[in-house]
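Letters A, B, C and D mark the chains as written, and numbering starts fresh at 1 in each.
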């Protein structure tokens, strides 16, 4: 029983990070049916950004998280604009290869600039373990759980309550029809990339904090796992993801 | 008419096949006597600079560059009275076997190197053997650990393949002896890296030698980040220690997560974790009661002049503590230098002969002797980490 | 005139919705029968049931194989097609990125054999089979004036020609029954007149049974020997064109629905 | 016999081109223009061509998105490694080809029958998973020597054998595409429902293309193992499948000529970039993105080199 709860706690805190990652994946998939291989690498960028600002500019956790979200959001939009937008009307497999290219670029670009060694993530939050009936919970786990819940809630609100969210849902159902009723397709897709990438950036910073180890290839495995989850789970639609 | 067409087609086909087989015979056999030395001594580096093992490859590259720069600053290598400088040719093999073979072919044929350092992994290493053997160019791998790496299928030694590191059997059985005799453990759990021969080879050697009971045996993959599930399953097994052969990137996390999960038994590892980054990833507080077998000890180094000089030079140049991989690569280059000096020639075939004769070579990672199987024999040390710092080093005989 | 297709009490329920209810009908050799009915009457569903695309909820479908009627309820689409069912689709489904010739050749797939080894190693007998089948395809295309476009991609043909090609592709299967699903949809009167001629030509030249779904009444009344009227999944009436034109319930259904 | 006569000329032309290619290569090696490094590059390119034409058959012609090609390659490679270590003779080597193909065909049937009803991305996931399972099985078996892989595999696959096998597999695939079977799988790609209405058992034909592709992948794997003399499970991971996919898409989905061109371009690029160290993959990635953005349908689209058309053009010009 103890083991079970321990696994549950560990699973929940880790799972909530992956959920953030998978959400972005699904949103992009739902809107332009693109398997965004580079999504995992945006998460890696987020982790490195967090590493950088905490070490060099001595940001605190919250500031690092927010700045990483902004930076990754911008990265996502730029990538979409440069690499995916020209291919919107090409065969999907072409866009997939481009996404793989972007993924290679980010991974190896980071490896070139910062070296491919794993590095330790600065521990901005001092770890404290709580022992509840034999189950250990650390404050970091709690913090991760709370942060990701808040982020998911915000995401939910954006999608359900705002005009942009409505546009996103419309595009995910039928982008031609959405365009006919006056949805700005380009803006909506950019916004989706920004939102998804920001979530990935937040996940990156949190995973850095949780594991204390980041490297340029860290996005690869979660990327493929999220791809499997996104397709097998059949959560291609934005509302479905939530 | 129809029949003649068939005949023609079949005829053409046979001609082509025959031509192929003949050509195969006439081209494949072009024995080489090796690459003679030119104005400078050319050393090729076939290294994992990108791909899965890029981290280790780049550390080795730093060690190689340091060694070569030091040698060149001192005027070069003394080849039968004449000082010759080293030209370094560095190529990336993407951590891929086919690219490694291609890189090796390019180094020995195009660049006409006299010796090769690398690759870091056994798989990439074995892939280059056919090409370098054909060209009679020796290679020294800093970190290919598979016991059969230097051997042919028949069990005879590969004439042009050498290594600067331990082979798995030696290191694994040393760890087993240490765990049983020095730590007095009776029940251990084995947690090995399953994605390379390094982790599985060591685990196999450990299990074979360990006299106590192996209570549990689990594997993980390179790049895994979450070991909580496995560690939690160990918790109930009443183990005295964990043997976890692998590299520091995963081992750091294993140490960290084990301590967080309340598993405070000794964790024993291998030279793949002999890196200052281990304690950084695990956190200094967690990196206690951690042991690993290593040829290269910062503690031993303080008594060893060669090692001390290397450590200082490395820190000065790269502004970080020297990892084991860099030390092994540094030694690989200097072993080649040693071989050239004994043979008084830098022709590739001579270097191979010289490497086989390396004896009591004063390396950073200890006094190295190349045995008949082209393995590097050198003393082995078990280092103990306490609060992230090396607190003790025991030499195992 | 022997019965070639017999349908008994056919029923299809989607969820709670009955799309086809208790339909019984018979098609005889060389007949041209039309199936009409307002939108949503279940005509295409009936087509899909007959061609095995969807399985029926209840009822039986029999098809004449040699001398006796055999149930084809549990057969798959391709097996049914192989028995001699050819069809066209409401929204043309040609193999768009293949040539006109290839479209027809695909339909002939089951009429010739080319072993894997034979075709891969290009035995002379491979060329003989290719020759034969190519000639057949070419002849067929020539009848319908499509041979000049033989090497064009199907997607590059004008709309009316695409419709024609789809019918020819169906004929290439050497079917016993040809199902045409709204062949005149989207055509102007001139093209429709061409189509009428085409269908009549097929009937006369190939001696096959044709079942036609159509909205265009002029086409139906011109061509059909018998008419089945479907409304809300049920068979409303059947008979010759003149009978149907005067049937009160049909008039009511059409006027009621379409004003 | 019209078709036979017309085609005989073209077939002979192709044969002459293949033999000429062989002799040019042979002469260049004899006079020393091609050293073992360039030979190595060519052999790698040829093996990639075998792999990519097989995958192009599955993706480009049958329209099934498979991401598990490396798994079948692994089967061929390991069968050859195991068999030739036990029976180190040319006969054993050829036997290993046959066994490898048979095992790969069985595996392809096992994978294909349940998964080929899936479409698009789902099929991609399923095949990727299947290849991963193959890799993990190999990684954990004794006979395959686990993650350490197998080395000291006797070399029987010299460049002439690889060259001939490349020609043979290409002939098989191209001839298949230009026959009844090829027309049928193309129709399945175009419109599955319509093809089914033509009396075509679509599952069977999809499976046929999948199995043929897997068989050629096994041949490529055998050649890879025997030429390189070293294999490891990590060589056959998802990244290998992706790199084959890249060749196919870059050349043009549905163009065998394009596959040849892309394999050569990427092979040369890859060798040239060896000198760039870590920067290599960055340049590779940028090249990949640029080509895809500016040529979305691949280098050649669906264009094929056809000697018949060449002849006709020359004739027209001379008239």
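We take it that a residue touches a chain if its C-beta (ideal position, glycine included) is under 8 Å from a C-beta of that chain, and two chains touch if they have at least 3 such contacts.
Note that this is a predicted model, so its numbers are computed, not measured.
**Q** Most contacts: which chain pair?
**A** B-D
**Q** Can you name the chain that lies farthest from chain C, using the mean of each chain's Cα atoms as its centre?
**A** Chain B.
**Q** With chain centres defined as C-alpha means, what is the inter-centre distance between chain B and chain D in Å?
**A** Result: the chain centres lie 33 Å from each other.
**Q** For chain A and chain D, let me know how many angstrom lie between their CA-based centres, rounded off.
**A** Inter-chain centre distance comes to 35 Å.
**Q** What is the distance in Å between the mean C-alpha positions of chain A and chain C?
**A** From the centre of chain A to the centre of chain C is 51 Å.
**Q** Suppose each chain is reduced to the average of its Cα coordinates; what separation in Å results between chain B and chain C?
**A** It comes to 70 Å between the two C-alpha centres.
**Q** Give me the residue numbers in chain C that touch at least two other chains, ranges are fine.
**A** 124, in rising order.
**Q** Going through chain B residue by residue, note those that touch at least 2 other chains and give them in order.
**A** 2, 5, 50, 52, 54, 58
**Q** I need the residues of chain A touching at least two other chains; which ones are they?
**A** 108, 111, 116 - these are the residues of chain A that touch more than one other chain.
**Q** Touching chain A in the complex: which residues of chain B?
**A** 50, 52, 54-55, 58-59, 223, 225-226, 228-229, 232-233, 235-236, 248-249, 252-253, 256, 260-262, 277, 280-283
**Q** Which positions of chain B touch chain D when the two form their complex?
**A** Residues 1-2, 5, 9, 12, 15-17, 19-21, 23-24, 26-28, 49-50, 52, 54, 58, 90-94, 96-99, 101-103, 105-106, 108-110, 122-123, 126-127, 129-131, 134-135, 146, 148-149, 151-153, 194-197, 199-201.
**Q** For chain C, which residues count as touching chain D in their complex?
**A** 51, 53, 76-79, 81-82, 86-87, 89, 93-98, 102-103, 105-107, 109-110, 112, 114, 116, 119-122, 124, 126-128, 130-131, 134, 169, 173
**Q** For the complex, give me every residue of chain A touching chain D.
**A** Listed in rising order, the residues are 35, 83, 86-87, 90-94, 96-98, 100-105, 107-109, 111-112, 116, 224, 227-228, 231-232.
**Q** What part of chain D is in contact with chain C in the complex they form?
**A** Checking each residue of chain D against chain C gives 1-4, 7, 11, 171-172, 175-176, 179-181, 183-184, 186-187, 190-191, 193-202, 302.
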